[in-house]
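Written out below as structure tokens is the structure these notes cover.
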Amino acid sequence: MSNIHFPVYILMLLLIFAVTIPLQRKSYGRRFQILMVSVLGIAWIMALLELLMVLWDAPYSYTFGSYPAGIGIEFLVDEFSALMTLIVLTLSLLIIIYSLKDLEHEIESSRMYSYYTLVFLLIFSMIGMIFTNDMFNLYVFMEILSITSVAIIAIKKKKDTLMASMKYLMMGAIGSVTVLMGIALIYMVTGQLNMSAINEEISAVWRLYPRNILLAMGFMITGFSIKAAIFPLHNWLPDAHSTAPTPSSALLSGLVVKAYIFSIAKIMYRVVGKNISVDIGIADYLIIFAVLSMMMGSVFALTQRDIKRRLAYSSVSQIGYIFLGLALASEMGFSAALFHVVSHAFMKSALFLSAGSIIYLTGKRDVKNLDGIGYEMPITMTVFSIGVLGMIGIPGTSGFMSKWYLGLAVLDAGHPELLIVLLLSSFLNALYYLPIIVSAFLRESPGRPLEMHRDGIPGTMKVSMVLVAVGSLVIGLFPHLVMDIIQQAVPTFIGSGMGL
Amino acid sequence: MDDLFVRVITKMILPFIQLYGVYVIIHGHLSPGGGFSGGAIFAASIVLYTLAFGLKPGQKRMPHKVSSKIETGGIIFFILVGFAGIATGYNFLTNQEAGFPMGELGSVFSAGLIPIVTIAIGLKVMSTIITLFHTMLEEEG
Amino acid sequence: MNFDLSTIANNINYIGAMILFIIGLYTVLTHSNLIKKIIGINIMETSIFLFFVSIGYVKGAVAPIIDPSTGDKVFVNPLPAAMILTGIVVAVSITAFALSIIIKIHEAYGTIDLDEIMKIRSVEEDE
Amino acid sequence: MKKIFTLIVLGGLLLVLLSSISELPPIGDRTNPSYNEIAEYYISEGAEDTGSTNLIAAIITDYRAFDTLGETTVLFTGIAAVVSLIGVFHHRKSDKEEEHHG
């Protein structure tokens, strides 16, 4: 079943389905839901085959229009991008299954088709961003992503949602413009848009035009940091992620932010190259921002009472972990960061989905009101606990493994002081997550007998939530499944790839 | 905008704007212009019509049903043209090798997939701009 | 950092683009009117289009349209121009979407001034 | 107060940008790094490869046609987003929705 066109097939399947949704004649219903899930299922199977193919053979480059890379646009299909695609499709499949029932409560029934059009375009653009090896192509996909990710928030049409999405759109637009400026500055001195080709030229250019590379790196990292919500630029994230409909929150926190982080990784390692990134000194600055992000995200999360807002702030701190890995500029740090991308995607999705279930059933958003909810919704709270334990880093969870790898990388890079930051941040995580579980399972809720119920939420929501949690556990128990692929991918990623 | 002059002049210049838009789209591969500029020029004619005659007559020129079909059709058409490359054993969106007729350099019927794609883009851009304009007008009341 | 007149005159496009970029950013950050913020973003985008097109410019060259009847000429670099075409369309989409959000905000709050909206929201929270 | 602070920060940024002007490749020079073999390839082979005399059209619809597909998708996304927010659904205004509002 080897076929080099799989990336195109996946993308085009999603795009064709997305653009045909507005033409649906029948009103929104079961038939459409089955169709939608099966389309994603087919895409998922293709992504799985793609991953197996890449692992079996070797990474390859796919050029559009049969022109050589550099003249035309190139997709670089390596192990990690294939794995990322599979994870994006897995999580989106589960989140969409979850959304089938949940959305009925959150948006108008006449907007269902619009919502799913936007979600499919969102998945399409993320996969495009993951595969592409061309700077400008990255920008185009990024714009699709930034419009759709705002639109799936704004579609709720509540007052605070509108303001949050306006803020997000503004910050996002500034971010994209900044990234485009960086691309222009890089193009100015290399004349290339292909990432591998830029990498080949850049060591010569770095000596001739250091100012250009410095400015370009500054612009691009700032732009992507706005979109990935690194600490001083994070202020749109809590509003946007907490007011969005639950499936959108899970998609945004679990996947969209990761697509931007993956782009930063591409810029730092594949485009500019590790050595020049270190020479510029951008890595040292990033460490500072990563540490600030880890600490401040947790500190802000402590003060939040709204459960979704707390989760959103926790995303800021978790993104700090990933940034720390990237900023270490070592292979170990890089692979730890990529591992955390995967594990955080599962954990945060599980957390948002279970928090959404609580809101779906009880309408309670305040963490103070969750006493005894563990008896009312045992499955939901188990999923929530798995996510929480991962976030804190209890051994056996995927969060522990990513902290373990990150700790090793920090020691390897010769920054033992960062280990303290890691521990402190884990402690803070425990401080704002554990009370929720404790009160949910051990406290008595007022006016309700303390007896086990079955979760009163629809089956599709339960199944998808549990599957996300199981995914998180599997990664935690068998980290080598993911880590081996990452380690296989790192040389192709950091080395200049295949290029022209 | 209930003004006699505006209406009369609009009616007079409307065909010329549209003709120019079509010209720009069709000659996209020979002269400056292409699908985006041509589509925008064509859309400007309908926007002008709506401004002069009001929303209702304007929408009759470009009903939502038609525009949504054009939008979907434009992209699907583009993708199908791309798949011609895969079908003939090359990569996505291959032009010359995939067997599109190249014609003579500089004539209107030349350049393989370029004019085909340009027309699809032109239609798409036209309907998008008109729909955006009409949708926002509707919302304003 | 030697700013003689010829440096400025030779690089007037780049200087203009940078100043426009800062003007746009200033507009976005300081104005409280949402429409003005959108205008600011558009200024920023325009500045980058100017920057990008200037990169492709070559002195004395003509637009990259081949005329088979005349001989070889120097053409400007066609790639930046092609990218800017894409960039313009992207800018249009973002502007359209931002305007539609503003329409909705105006419906919800009755104003498009950020300061006034904040006042309304703080009053609502107190209640 | 906020305005003055922003002004100072942005003024600093502008100074940094302007001070780098003299280090950028000069404008309009044929020996610029951006006018490299890629640009020359487009100019010399463009007409041959694509059969189009307008090289910009050749790039946007042939060499980098995938970008253009992405670009039309951006337009589609834009309109889908606008319609999802403020669109009025004429052809699908079913009885169900009427009930909802009434």
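Letters are used for the chains, namely A, B, C and D, taken in the order the chains are written, and counting of residues starts over at 1 for each.
Note that in this section contacts are C-beta pairs under 8 Å (C-beta built on N, C-alpha and C of every residue); 3 or more make two chains touch, one makes a residue touch a chain.
Given the structure is predicted, the values throughout are model-derived calculations rather than measurements.
Trainee: Determine which of the two chain pairs, B-C or A-C, is joined by the larger number of C-beta pairs in contact.
Mentor: Here the pair linked by more C-beta pairs in contact is A-C.
Trainee: Go ahead and note the Å separation of the Cα centroids belonging to chain A and chain D.
Mentor: Whole-Å distance between the two chain centres: 24.
Trainee: What whole-number Å value describes the gap between the mean CA coordinates of chain A and chain C?
Mentor: That pair's centroid distance is 28 Å.
Trainee: With chain centres defined as C-alpha means, what is the inter-centre distance between chain B and chain D in Å?
Mentor: So the centre of chain B lies 19 Å away from the centre of chain D.
Trainee: For chain C, what residues touch not just one other chain but two or more?
Mentor: 21, 25, 55, 65, 68, 79-80, 83, 85-86, 89-90, 93-94, 96-97, 100-101, 103-104
Trainee: At which residue positions does chain A touch at least two other chains?
Mentor: 15, 19, 22, 64-65, 136, 140, 143, 147, 150-151, 154, 157, 187-188
Trainee: Which residues does chain B have that touch at least 2 chains other than itself?
Mentor: Touching at least two other chains: 30-32, 34, 71, 75, 79, 82, 92-93, 95, 105-106, 125, 132, 135-136, 139.
Trainee: How would one label the connectivity among the chains shown: line, ring, star, complete, or other?
Mentor: complete
Trainee: Taking the complex as given, what residues does chain C use to touch chain D?
Mentor: 1-2, 7, 10-11, 13-15, 18-19, 21-22, 25-26, 29-30, 54-59, 64-68, 74-75, 77-83, 85-86, 89-90, 92-94, 96-97, 100-101, 103-104
Trainee: Any idea which chain D residues touch chain C in the complex?
Mentor: Those in contact with chain C are residues 2-3, 6-7, 10-11, 13-14, 17-19, 21-22, 24, 26-30, 32, 34-35, 38-39, 42-43, 46-47, 53-56, 58-60, 64, 67-68, 70-71, 74-75, 77-79, 81-82, 85-86.
Trainee: Please output the residues of chain A touching chain D within their complex, sorted ascending.
Mentor: Going through chain A, the ones touching chain D are 15, 19, 22, 27, 64-65, 67, 70-73, 108-111, 114-115, 117-118, 121, 124-125, 128, 136-137, 140-141, 143-144, 147-148, 150-151, 154-155, 157, 187-192, 205, 208-212, 215.
Trainee: Which chain B residues qualify as touching chain A in the complex?
Mentor: Chain B residues touching chain A: 68-69, 71-72, 75-76, 79, 82-83, 85-86, 90-95, 97.
Trainee: Which positions of chain A touch chain C when the two form their complex?
Mentor: Per the touch definition, chain A meets chain C at residues 136, 140, 143, 146-147, 150-151, 154, 157, 159-160, 162-163, 165-166, 169-170, 173-174, 176-177, 180-181, 184, 187-188, 193.
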